[in-house]
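I'd like to ask you about the structure that follows.
Lettered A, B, C and D in written order, each chain numbered from 1.
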């Protein structure tokens, strides 16, 4: 049986051991010969490679581990290229979170102006990876969970022909809520799902093919309530929103809460990562450190492994992926990347028809998509005017008096990572 | 030559004399036999009828004036039915303006939550007029400038087969700006124009068929700058926005300004109207009172007369009208009423293809349209849940913590005018 | 484990034993408790029930067999309702084939005017079944392979809310051709597939996810060549057409050939069926008679079982099904039923995005779809004018001088089965 | 007042004097300074220039006449460029008519395979003109009535940015029929109109804005009946078809008729033209020769003058023009040129929303449009395969056994005019 090469770009990330663990557990369905770790930071790469080697040994795996800072070498021959890069690291993330707050706006890694700046730093690097693959390994799949994953997928599909699966674990959340609410396995739950990454809505729930009854939907609403998002809101919408919708439907409350806490999520993560990396660097440690739990984001590797297995084994699987629209959601442009249920198999990833978006939210989705398309264009062109238009189109900004100085400050704070804007 | 009957519903409005004056001036092209004034307020009707009679005499017109509080009598035999009603009067308008302000939101007659409540009061009455016409005079045209004109047009076209021209003078503003900037007649200026009533954008300007040069567009931008909307914003957008876009692009500044002034536009108008009506009631007055100037909105009668002339004389004329979309603007639903250039002639009103909306604003237009469709549905059904969804879909509200109490307070303040919500 | 009731309407058909055999083989994945046979012809039903009983015994199956001429009794409690009715029997089919030939037109069971008359006889009965299910068993699935399956699916989905899987074995043909050409299992082959039942095209072939090379497509073209459809045509189109496309691309040759043969397929089948039924009626026979082979159409039961298993077990499976378009194929109306790849699972059947149809055939597909929509409307309304419009819209008829007398003759020959046209 | 230069390409055509006459009559609204005649045939140009000079003198016109065989000189400075070229002349037209007949197919100048070959000869020349204009005179308008005008417009709008009005007098025919039937001026009649050049349908007739009654439509049907197209067919369709639809709805009858006559229209025209040109060459003749009447096609100059006046004077006018679809007709591609009502003014030509095409004919329109798009592509690329696909897509050909030899024979017969196919 053919053994695969899988490559991880940004392998210095603390998520890497979870992928390693997943690959070992799934080795029957996804037979990996070589796992290539690549990172632009030699020190993080060294620590993570050494840890993964110990971790693989402990798990008794025969996967061969290689390690390089040469990206093209890492890409060569890979069947899947897992991208989990973080341009500018958590230091820049903290800027993404803090600067908007000064203007009374949401400061968040993927949502709002922070997400735009992350996209500005990330998209040029992701495009460069995609172009390398176009040239040296066009059949490889990028398995992306670099955020903002929707904008990354839009950039890669619009400007290159590389194959990309734009993933997010958020597509599983409604299943988890319904499973918890109704006492059924998550696998028995299906639903329609439309929107964008971190701006999506699930509805038309079925359990084992049977539409849920109104009182069952009420219980799902209870289970899906998250932070300020109440079961009442879910009931009125008739839709289960992504947790990130809290930034839209409870804007003031969220901003007040972050201000009250005094510390952003990025600052917490920076601390956590230090703790996690101390553990990784300890040569006696050969298991996932406890602190990793607090890091979050664990569902990603489940989604990524599911997609890689379905592609490799030509096994049909419905997965929620970020793909170009091409008519799946009425009213959005063809090229616009949307997050929808797709069928994944050896031939690739194909969206299902979703038709009309729900009457209560199609305008919000369109508004954010408009922002996203402008942001991707600005990320590539480095045009300040397009960047300003993106902020004016963003439902969480829109106000000229805020957008103009905010943009200047955020660009300046990211100057080292934005050559396209500072030539 | 056949002489027409034209009916004015809401004839007690201070706008009526302008229509009368317009009809007299255009009598060659629009030969009116009978002008029927109808109002549900007998006293206002009496005063206005007496004034119009004196005014017509002074102008030497042979138009026969009739007056009734019986709506069906007024509708019978009319070729055009001009609707300029104001359900709840300026007293309720002041509520529309003041209540949102308490929540830190835009308080405005047509834009934001105030416009929604105005729609809730107005749409049932307009539908009742449209159904009367369906029954007794289906060939008549409703010439509407009752606000919110876009929502009124959407309700009438969605729920009845009455013929309606949903007008607004705003479609002329870009021509006026360009004419002023370039020293050409407004008639020589043409442009593409997309969006919704009070949420529209003009672009692709030509003068005598020649596309304007960039430096000419800069001058148009200077001339079109209005209140906080700067020439800079217009240049970045590449579009001339409706003045009402100030509530979207300069939200905080506008709210601060109204708070600073301490008095809403509705309160001013209430004062002005008293002054104007004192003049009308004075039996020695037979000309338009000077105070009327300050009342504003004068362009309406120009648009309305242009449309009536084009229909009556089967004369081709491009006019900006609120019509169901049917593919004119890509991405919006077919039934959604949009404000676009239309060709008007005896056969009716037909939109021109506008294709893709400009890349910088299509999402905002979609978001507001989503609100509008929900608001129209709530206005008809009286559903509080749909009304809440409308506020959550509105880019100027969206926040659940504001929308829920705001809705309750606004419904309560309009209880007398909202039987559909209080059964 | 819950055992299912499966009902066969038109159980007197010679196809029934194949379904019985399939159910027995798949009993592990599709556990049938009761198999209800229903037919309006008591004698055929009696013979077939007795044979199936013997057949089940020989196969050692524990499926309980019931038999009734009461349709509602048969529908009650069924999970799946397999419909394989033939209104008017093979006698009327022979008329469908012979009358058009007189006019120099294609005479065929599903393609051309013959298919329209079959639809006229069949659709009212299928709608009556669907309405019974709506009332007494709305969760049941109609598993239809009554022809013309595309028109039947369009009628049922347009006029009722019954759940229907409109199947045809033709969706498998391109896989069989590619498998034969390339020496791979049919399961390893995937392709895009667009069009209508018996008017479809496959392209973008992959094997194990790898796009086929041009020389491989040439070999597929050789293998898919069928009757007059040559490999050359397939290469020029770049698409593998349904075998039924021979009636479109080789019209004269096909008509000449049938005339040369002197006997229609219906006449052959009538003979074959007599032979088959003699075997079924023989109480010593407990196996499928050899003559059944010549009857054809065997792939149906494979498709039907695959769909029922996927629904029952909530197992993802891509199947080519006739479903309402809803944007899957650009340019066709939303309600138009199209034959496309769908994902089938417990929640139902959902089309995949196919986007633009191939540049060489979209117009032909649209033309035939237009005919189909008019034919369905005529089948329901019984309007001769709509029926004439359907023939004028059909690419194989279109000529007024032929369509008018042809329609009269065909309606007259079917008078006993077309109450909607003869009231 | 500025005087215009108008250029006629293909000025040697017998239509030229009609344009000259029209320009003289309309000189008040369309002040022509210079009329430039250009033709690639020096002798025809010489004769026509001399005649036009005499004709202008007799009409007392001050238009200055110039004459050149240098196309770029003729294009330079022109406001309007009237194109009426005939590549290959009437000799090739006769081939277009005769060769298909041998195969039992419609042989016609614009409809069927003949039209395709005319497009193959014509499109490269028209693109070369358009590219010259792009370079030296981008604001000029091509006023095209070179056939096939729909395919020419599609080629020019798809491959260049030159401005083109793709005209045909056929858009007026329904008005003429209705005017004759109802005794009203043609100007009082309006209608919806959809389709392609020579494949269009008019409906929703109004007279002075009033929808016609059923009995009035019956009278229009009587008046619009033309050749084999009967009032009965028009009533069943509910649409007034282009006279060219006779080739689709009465195919056999038309072919039989042409065979019966023994002489094609092209052969007649060749004779007529000789007669007409003898008259033009006679230096004593200074008026339009009587034989010109028999030549037909007179409405063109009326349409062309109307369009030029509307553009020059920025006067609104609804004219039926061939323009890219961009959503005007649902279901057809954006770039597909369609023949629909447009508003013409100084800013250009803009289609009106037509929405859904009529239920009885949308498929036929799509089928012919598919052929047209393939034919335009083949005309530009010179690909025999694409040309074959165009014939297979054409409702009047489709049969492979006919299309393959027909294509070879027609290409061979046009070899001298098709460098793109014979390199």
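Methods note: contacts are C-beta pairs under 8 Å (C-beta built on N, C-alpha and C of every residue); 3 or more make two chains touch, one makes a residue touch a chain.
Everything quoted here is computed from the prediction, not taken from an experiment.
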{"item": "Longest centre-to-centre distance from chain D, chain (CA-based)", "value": "A"}
{"item": "Chain A and chain C, separation of their C-alpha mean positions in angstrom", "value": "44"}
{"item": "Centroid distance [mean C-alpha coordinates] between chain C and chain B, Å", "value": "56"}
{"item": "Residues within chain C bordering two or more other chains", "value": "none"}
{"item": "Pairs of chains found to touch, sorted by chain label", "value": "A-B, A-C, B-D, C-D"}
{"item": "Footprint of chain D on chain C - complex, ascending", "value": "228, 230, 233, 236-237, 248-253, 331-333, 359-364, 366-371, 373-374, 385, 388-389, 392-393, 395, 398-402"}
{"item": "Touching residues on chain C, where the partner in the complex is chain A", "value": "139, 187-188, 190, 206, 208-210, 311, 314, 316-318, 326-328, 330, 334, 343, 345-348, 350-353, 355"}
